[in-house]
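Two complexes come next, and they have one chain in common, chain A, joined by chain B in the first and chain C in the second.
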Partner chain A sequence: MIDGQLLYVYAVTRPFTAALPSDVRALDGEPPALIEHRGLCAAVSRVPAAHFDAEPLRAHLEDLDWLAGVARNHQAVVSALATVSCPVPLRLATVCRDEDGVRRLLDSGSARFESAIERLDGRVEWGVKVYADSTVPERVEPAPEVTAATGREYLRRRLGQRQTRDRSWQRAGALSRALHADLCERAEAGRLHPPQSGRLSGASGENVLNAAYLVPRDHSDEFVAAVRDRTPQGEGVRVELTGPWAPYSFVGGPDGSPDSGPDVGQDVGPGRGRSEQEGS
Partner chain B sequence: MNEGDALAQREIALVDLLDRLLAGGVVITGDLTLRIADVDLVRIDLNALVSSVSAEVPSPFAEFGFQHEHEHEHEESL
Partner chain C sequence: MATPARFPDAYQPDGGGANLADILERVLDKGIVIAGDIRINLLDIELLTIKLRLIVASIDKAKEMGIDWWEDDPALSSGARRRELSRENDELKARIAALEAASRTAESAPEIAAAEARPRKRGGSPRAKGSEGSTPGEGGDR
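After this line comes the complex of A and B, so read on.
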């Protein structure tokens, strides 16, 4: 460690000669530094150990504003790298003690980085989310009475609301299955993320499908058009598209196998998920 | 400008970013690097954080219960 500084590693690429976009700034306010080692290149920046050593980092991860700042910066660096090379993004907050640590990281991950670069070069990730939007009425209801006259009337109304919500869920579920199957055919790989909490996303409706697809950059327009074509209008179901992302969701498992990504996202419950990767 | 470019201009939602940065990306193990060891814990903490500031939501647990039933149906049949 040098003067209370650690090295934050954003992504690994092949060494490149093109210039990064001039406005890209890493967490230290400088352009990211590049450490080349045995045919690979790590994009890094110095970060204070007071914030990024194990203990303070753990505390910071529960601070949404802090986390948001680091996440946006991480993404900005990866996205700048994507303009000149094929970055394999690292998990948020991967930190090394010093440059030797970064070189050891490149050595120990060498096979995974090589195979990921091979598989992901020229590809982008698109995010597709489906929401059940139970607030959208399916048909125009008769003018509602101001208050429920009786308990029975109240219950009838509540039941009606629940049925509307259930129908919206069923539609969203059916659309999600069909859409996911179709988009997996069009994409090189698909992966399911856990549905998002509306409280965190601020989005209306309930998130039913939260998927990512790996698509050759050259086929992006067709993929986007396919999503648009399959987006229903005004049926209590909403589809959202995000991207293009660097292929964060497809960097692969411990052996870097191409199909190790899609399985992982199937586990939606808390406490499950990436365990097989964490143990690698 | 094509549709893809238009999307790229839009500000990225934090929650979409966290899906990718906390559950995606290469995880390198070893004592030389620090990493987020337990993604699910982080997610739960964030959920707790966010629901703690939305006190106007009367019954978060009922909401979660409902959502979970459907998540399971959905995931199994997918």
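After this line comes the complex of A and C, so read on.
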């Protein structure tokens, strides 16, 4: 350890020669440093032990603002690496004492890194979310009390409003199923994440589908176009596309155990060949 | 290896940076977990992940639908609807009990209420939010 400094490891890649984007800065305000070891390369930066040693780190992890800053930086470095290589992202706050520690980490995870790189090289991740904008119908319809002549009429309108909202939800659900099935065909793998809260994402509406797809980088344009084509206009349903991400969602589970690899569930076919056809 | 970027343009809904939920969901919950020299108790990470998941995932929805509905239900929103229907059924059962208590002599009331307790076939059952108190269609139709 150098003067109270530790090494934060962002991701592991194959050694590469291309230059990283010039504006990328790691947690220390410098471009990430690269440590090569036995055919692998770790992207690292110095971080103060005062913040990243076990005790202070544990305390910091409770602090959402601190966590958000580190997470954004982690993502920025991984994203920069993804422009020139195939980074296997490490979980946030993976920290070593020194370069020897990083080499030990590369040795101990060698098999997992190799297999992940093998699987993911040349792929990127696209995020697709579907929202039900359940508030819209309420706004466009006149308030029941304005025109309702009788209590029965009032109740009928109330029911109508709820059914409209319900239809928006149903449309979002139906679109999600169709879209997910279609995109799984086009992608090498698909994964469903928990829907997000608007509280943190700032998005309006109710998040119904939150999925990630593994797509060959060269096929990204077609994938993006397919998402666009299948995005309906209006109808209280919204589709949101994010990416390209480094293939975070497909690197495997906590222990690299077989069951936590790319999640190929019943409805998440590996769908190797991209289907060119449109429609269902 | 490593041909320099020919990346498609990045898409972010607001044209700016990725939203924090998207980032945390990936950086904290995905990615390879491997022990560095600084050992954070894996349990701490797990607890943190659970906590963050509660923030990242909709808390209201999590309560309403059960936090794992998207995992155990590939049909997505059908799980949500099932839970809504299940709760509606509970409410209706409570109404049945009340009706039975109120009018033990009239046999027809529970039957009507029991028929109401199957909104699945009717489609468009109202979402449960704020639905207690008034159940349009019932009472007004007789």
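Basically, the second predicted complex is superposed on the first by the 227 of 280 C-alpha atoms of A that agree within 3 Å, B and C clash if a C-alpha of one lies under 4 Å from a C-alpha of the other, contacts with A are read in each partner's own complex, and residues count from 1 in each chain.
By our rule, a contact is a pair of C-beta atoms (placed from the backbone, for glycine too) under 8 Å apart; a residue touches a chain by one contact, two chains touch by 3 or more.
Because the structure is a prediction, the values reported are computed rather than measured.
Once chain A of one complex is fitted onto chain A of the other, the partner contacts of A:Leu90 extend to both chain B and chain C. In the superposition on chain A, A:Gly243 makes contact with both chain B and chain C.
By the touch criterion defined above, A:Leu34 lies against neither chain B nor chain C after alignment on the C-alpha atoms of chain A. Counted by residues of chain A touched, the larger count belongs to C, out of chain B and chain C. Within the superposed three-chain model, A:Gly101 lies in touch with chain B and with chain C [touch as defined at top]. After overlaying the two complexes on the shared chain, residue contacts for A:Arg152 are found with chain C alone; chain B is out of touch. In the superposition on chain A, A:Cys184 contacts neither chain B nor chain C.
The residues of chain A shared by its contacts with chain B and with chain C are 9, 12, 52-54, 57, 61-62, 64, 67-68, 71-72, 74-75, 88-97, 101, 104-105, 108-109, 112-113, 116, 127, 169, 173, 176-177, 180, 192-197, 199-201, 206, 208-210, 220-221, 224, 241-245, 248-249, 251-252, 265-266.
Contact residues of chain B toward chain A in the complex are 2-4, 7-8, 12-30, 32-37, 39-40, 42-47, 49-51, 54, 57, 60, 67, 70-75, 77-78. Taken in their complex, chain A has these residues touching chain B: 9, 12, 52-54, 57, 61-62, 64, 67-68, 71-72, 74-75, 88-97, 101, 104-105, 108-109, 112-113, 116, 125, 127, 169, 173, 176-177, 180, 192-197, 199-201, 206, 208-210, 212, 220-221, 224-225, 228, 241-245, 248-252, 264-266, 268, 270-274, 277-280. Contact residues of chain A toward chain C in the complex are 6, 9, 12, 14, 16-19, 21, 52-54, 57-58, 61-62, 64, 67-68, 71-72, 74-75, 78, 82-85, 88-98, 101, 104-105, 108-109, 112-113, 116, 124, 127, 151-152, 155-156, 158-159, 162-163, 165-167, 169-170, 172-173, 176-177, 180, 192-203, 206-210, 217, 220-221, 224, 240-245, 248-249, 251-252, 254-256, 265-267. Partner chain A is touched in their complex by these residues of chain C: 1-8, 10-13, 17-28, 30-42, 44-45, 48, 52-53, 55-61, 67, 70-71, 74-78, 80-81, 124-127, 131, 134, 136-137, 140.
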